[in-house]
Amino acid sequence: MEFLDIVQLLDTSIRLGTPLLFACLAGLFSERSGVVDIGLEGKMLIAAFFSAAAAFYTGNAWLGLLAGIAASMVLAVIHGLASITFRGNQLISGVAINFLAAGMTVLVAQSWFKQGGRTPPLTGNGRFGNVELPFAIGPTEAEAAGRPLSQMIGEAGPIQQLYSELISGHSILVYLGVLAVVATWWILFRTRFGLRLRAVGENPAAVDTAGVSVIQLRYAAVLICGVLCGLAGAYMATSLQAGFVKDMTAGRGFIALAALIFAKWRPVYAMWACLLFGFFQALETRPDLIEAVIGMKVQIQLLGALPYILTVVILAGFIGKAIPPKASAEPYIKER
Amino acid sequence: EPALIFDLGGKFDKSFNEAAFGGATRWAEETGGTFREIELQSEAQREQALRRFAEAGANPIVMTGFAFGNVLSEVAPDYPDTKFAIIDMVVDQPNVRSVVFNEHEGSYLVGMMAAQASKSGTVGFIGGMDIPLIRKFACGYVQGVKAVNPDATVIQNMTGTTPAAWNDPVKGSELTKAQIAQGADVVYAAAGGTGVGVLQTAADENILSVGVDSNQNHLHSGKVLTSMMKRVDNAVYEAMTAGVDLETGFNVMGVANGGIDYAMDEHNASLVSADMKAKVDMAKDAIASGELAVHDYMSDNTCPVE
Amino acid sequence: MTAPAIELKGISKAFGPVQANKDISISVQPGTIHGIIGENGAGKSTLMSILYGFYKADAGEIFIKGQKTQIPDSQHAIKAGIGMVFQHFKLVENFTVLENIILGAEDGAMLTTSLGKARKELKHLADEYGLNVDPDAVIENLSVGHQQRVEILKALYRKAEILILDEPTGVLTPAEADQLFRILDRLREEGKTIILITHKLREIMDTTDTVSVMRRGEMTATVKTSETSPEELAELMVGRKVLLRVDKVPATPGKTVLDVKGLRVVDEKGVERVKGIDLTVRAGEILGIAGVAGNGQSELLEVLGGFADGTGVITMNGTEIPLTGQGADGRARRDAGISHVPEDRQREGLIMEYSAWENTVFGYHRDKDHQSGILMDNAGIQAEAQEKMDRFDVRPPNPKLAAKNFSGGNQQKIVLAREIERNPDLLLIGQPTRGVDIGAIEFIHQQVVNLRDQGKAILLVSVELDEIMSLSDRIAVMFDGHIMGERDPAQTNERELGLLMAGITDTSAVTNGASEEALNDG
Amino acid sequence: MDKMPKWADIVLIPVISLLLAAFFSSLVILAIGESPVEAFKLMVDGALMRSAGWGYTLYYATNFMFTGLAVAVAFHARLFNIGGEGQAMIAGLGVALVCLYIPWPHWSLAILGASVGAALFGALWALIPAYLQARRGSHIVITTIMFNFIAAALLNYVLVELLRPVGAMDPASAKFPAGTHLPTFQDMFSTESSKMFRGAPANVTFFLALAACVFVWLLIWRTRLGYEIRAFGQSETAAKYAGISPVRITVIAMLISGALAGMMAVNTTMGESERLILNATEGAGFIGIAVALMGRNHPLGVCVAAILFGFLYQGGAELALWTNIPRELIVVIQALVILFTGALDNMVREPIEKLFIAMRRRNA
């Protein structure tokens, strides 16, 4: 295995890790406030559809993003109603939301586009292009030189490879993802809102008696969760891909939840956890490298199950006991 | 009134169900007729759909997918006056027309095309769900590649092992990138909706791709080398046109009778030189005449080349 | 006369079918300490929670300093100058003291400025009232007493003029309680108004200016403290004459039933809770374990009851019983003749959703006499439950009612009926009368004494010194996982026990001041 | 004192919730340009007015009873088993092995053997998540979801590489031998003169499912184990006090749950397809959650809810046959049913409770 292989593998990990990261941070806000959300998957899915649909109609990826976020927030409000206002079972609400998104996206897509639950492919500004950082070798350079990009990168030095392949050339949303990690950390640990948010996930009664509304805080968290899931879904449909196909999130919302546990509900850990899970998924695309390393052919089925197996192994083995926010999954009930 | 039953993948699977739908639509448009259709959502509905349509007087009833084989052989005798057509499977009943395709032949042809278009000597194959049918595609493709360039490398990936593998464009896209990283400069996608991601990424990354089932050259004009066409649409169209007079029996659609072909149109004209085309057409004739036999993976579950 | 600091008029509050407060009116003068007493469940906490905006009243009006004030939530209460220390603290356990104090009262959106300001203010308050706590300590590492200080500081930080304390002394040592009352005195001198809820008549008599009595959701009387007596208050509370002391003959201890040697217990967090204790309990005697909550008594009971692991040697009737692994669970203990009335009946002793009859075999549900074939003998269990409930005067005597629908005292009677009727050799009994009203206390104490008189061994754990003193034949005091000493109830007093509970063994030599020093360092 | 009478809790509230779900479903149908009334009529006609329709409704209901019971049993121990899907998939393997490799003289013996195989394999697949939850605190919701994916991969491997007859297109096992074919309702109830349940897949397994309902009822409310499962589910601390081992109960409850989920494979694999196919579960594991919720985790409720969902499935198939409504409509309806009967339960419950309390006050 060469250096470039590793760089490429990590590059894929970043791309595949980004939707996980947005979803994971979404879950982080929600769970830190005491609302467990296994409906991340559904919110991502609906955001993916509406972002693709809006981007298709307007030809503008940013408008698509806004539409995706809005759609995701609608589901977030439903989850909020169920788990905050009506103090229902949060897991069940999440299951319902996942079903709702799976059904609604296809139903609406079929009714709008008549293409069997997919949007037409996005072109041009309907998608987020890739950002080329200064000094990096990118498509522009390749075109100028008239040679394939992969060849040019292959010939470059290791630092340049690292920079051009790994750091540069991602969608703007990927960089936004990194920014979101920093922002999450800052909000959580440096602002009044963050203090209250963390408190309400640990002991809502303490927040309530301190004169702060538990309901408002939790709704705020759930809405932020909606925004971040919207980003995750829009990234998938308008950046990783050029359009929506049914069930395109393919369980990523659940992997994000596992990453959240692995990250012990902390933003920076969350980034590493998502990169790790992204890496597992990246491995799946490179059976040749696995073969080269372990020296034998891996069953495709085993390969496909690898991210899930590793998730279980990590949850079971490597994190010790992850203690969730104390009040998570508990509706705040004052009067029985 | 004819009826069309789509397999579990759904009628817009960017694959053969969609092609079948295309054929039926063409028939409807040309004749002004109407047809009944259903997308199955569970295994138990296969028999149900067949019986309900038969009882409602639909004739002929066309279905796509090998999975109908078992059920049809049970149901067909109960409705001797109804004609059935099944695609991708052989059912031996007096009122059934079985249409099977030699996908390996078409894959062979596009394999040849890919090998000729490749500068790096490395080409890729991305399958959908890992089932024998897709291995059949892969095996034909590899044979075609090797026929042109015995030293060529073919990178093969399957998207997954669940039906979700037909609908995971993101993974298709990443697999494409991974194959590019390994040097592939032509990728053949036989992966339904996942293929959308493959073709998209190939276009984004400026390499060539090969479409499947229907003519997908137009999806990214100038970026799709060709498409392996499995004329399910023709099969359906013909069945519906024949109506109650549908000729029953065993029907192999291959290169010989135009049931399998590769696509040439204005979208890929610039990509395929006359030389390339000539070479592929020669092989096509050889297959048609029986001179050249492409190995069928399904015949013995093995592939002679890798 | 100035306007009352607080005036409540016609407050009513129902929780579903339970009428917790019924048309309550009360008025409290500024600069006084006003006591509220009443049986458990009388509605004291509810009333105060309404005043603090935690619950919304169904009807009624609130006047603060003569002004009619709407208090829809705690924010409004805080604005009106009200602070409250709840019976169950409302602290975020993994936050620091400082973070807890600024929560909800931050200055601006950035934390750093808030924290800086609060740190200064906190120092100022600490100096003024002698409320010392380390601002950077994490709450879960603090003792209950210190946690309570944080709650008081929270109120003072918010400039509370009116301070409500709901049963503040239940968890404190006598010395800590004394210190608390001194702080309250100081606050009163500054003109602050204090409402104090407590069950302890002595505290009412010692500290309050006026006192109100609540019963079954109603305010039955408000009197000047100087014009009443404990006996009168008790009668007002329960509605009949109450015996304030336990009737019992001296014990006649027999052979040793339980013998504990070198017992150590480490909790889940890896903290050693019981640090090597020795004790024996003989047949026909009650050994009382006194101590402030959280000094290892709970863990002692849990190990003996078989639901926590420990190390050491424990023999029961002469045979050693295992402390870990197989054979160290509650079932094995029951088989060995140990019954256990746990400290927390609602979380441990009962399944609240189960009906009373199901609860009467809880822990004994695998016994042969409760089975018919492979199924449980539900009819038999129900009939037996009815008998037990009648014998223990559980009200209402309906075995089909879910446990959660019984009042605290009656829930405790169900547990007692189950454990005592087993006729155990050893009864472990923790906080037998916590959350139980005076009438039921009388009954429960009588049952425990009866069991002793039948020659059974009893290990009693309670944080109520009164209870320990009146029930026990011997008293052991626990502090910080050690047994600080054993005393004969006839030859000791509350003051001596109180010092032991604070970890001070040399009870004769220590002066008042020194002991408080020790307490302050905590 | 209860807040309201029992019948209100188990009948009135679910019915109102269902009506709400139906109302919103109608809006969705309207929005895609179809008539809700027509759609509803089609569903009822197709699912309930013909014996064959019932044959399908009860076939699906059989699956949902098993998965619903599975979720319910786990729920009683406060465990959320989202893994019914994977457990049923692997259980199918158990059924296939039993049917393919043991020569059964008669179906009545075969169904017993297959049940054992299904239950065993299903339970086995639940064992690891259960153990990890009990011992390592790994969140069972996540692990069971992961095990669904892993099960799919494993089954695919087995079918493609091991059990598939050479030359077969289908990733499926060979047909089971005739000795294992279960009598369908058609076989059982048709007479010379009239064919009943023609072609419908409902079969004797339905009665097995009814038996399972009775079994679960006995287990949960009449046995020591059930007593302990419920006690553990209500309060872990109390369970510990009573000498009930949390590890043991977690594992046992999940084993029973997995076994029940697995039993549905008898219906699909042995009763319907008569061979092992890849996608035999078709989401029934997830529907089980809704079924358990609606049935209030009580076997009788589960039974009724399972039939309701069976009706939804069969009615949905009829819709797909005769209209252009996409099949995803049924998914949306399911979601709405879960939402209103489960998550938004209090939205309906609270006003009704208030109503009853007010009524009682007035009467008093």
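The letters A, B, C and D name the chains in turn, as written, and every chain counts its residues from 1.
The rule we apply is simple: a contact is a pair of C-beta atoms (placed from the backbone, for glycine too) under 8 Å apart; a residue touches a chain by one contact, two chains touch by 3 or more.
Only a predicted model underlies this, so the values are computations on that prediction, with no experimental measurement involved.
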Chains contacting each of subunit A and subunit D, listed by label: B, C
Euclidean distance of C-alpha centroids - subunit A vs subunit B, Å: 34
Whole-Å gap between the CA centroids of subunit B and subunit D: 36
Where subunit C and subunit D are represented by their mean Cα positions, the distance between them in whole Å: 46
Subunit D, residues touching no fewer than two other chains: 149, 153, 156-157, 160, 326, 330
Touching two or more other chains - residue numbers and ranges from subunit A: 117, 301, 304-305
Touching two or more other chains - residues of subunit C: 16
Pairwise chain contacts under the document criterion: A-B, A-C, A-D, B-D, C-D
Partner subunit B, residues of subunit D touching it in the complex: 52, 56, 59-60, 149, 152-153, 156-157, 160, 164, 166-171, 175, 198-201, 268, 272-273, 275, 277-280, 282, 313, 316-317, 320-322, 326-327, 330
Complex contacts: residues of subunit B adjacent to subunit A: 10-13, 18, 130, 155, 157-158, 160-162, 164, 167-171, 173-175, 177-178, 180-183, 185, 193, 196-197, 200, 205-207, 219
Residue numbers on subunit C that touch subunit D, as the complex places them: 16-18, 305-307, 329-334, 340, 342, 344, 347-354, 358, 362-363, 365-366, 371, 374-376, 378, 405
Residue ranges of subunit C in contact with subunit A within the complex: 15-16, 52, 54-55, 73-78, 84, 86, 90-95, 99-100, 102-106, 108-112, 114, 154
Subunit B to subunit D touching residues, read off their complex: 8, 36, 38-39, 41-45, 47-49, 51-53, 66-67, 69-70, 75, 88-89, 129-133, 161-163, 298-301
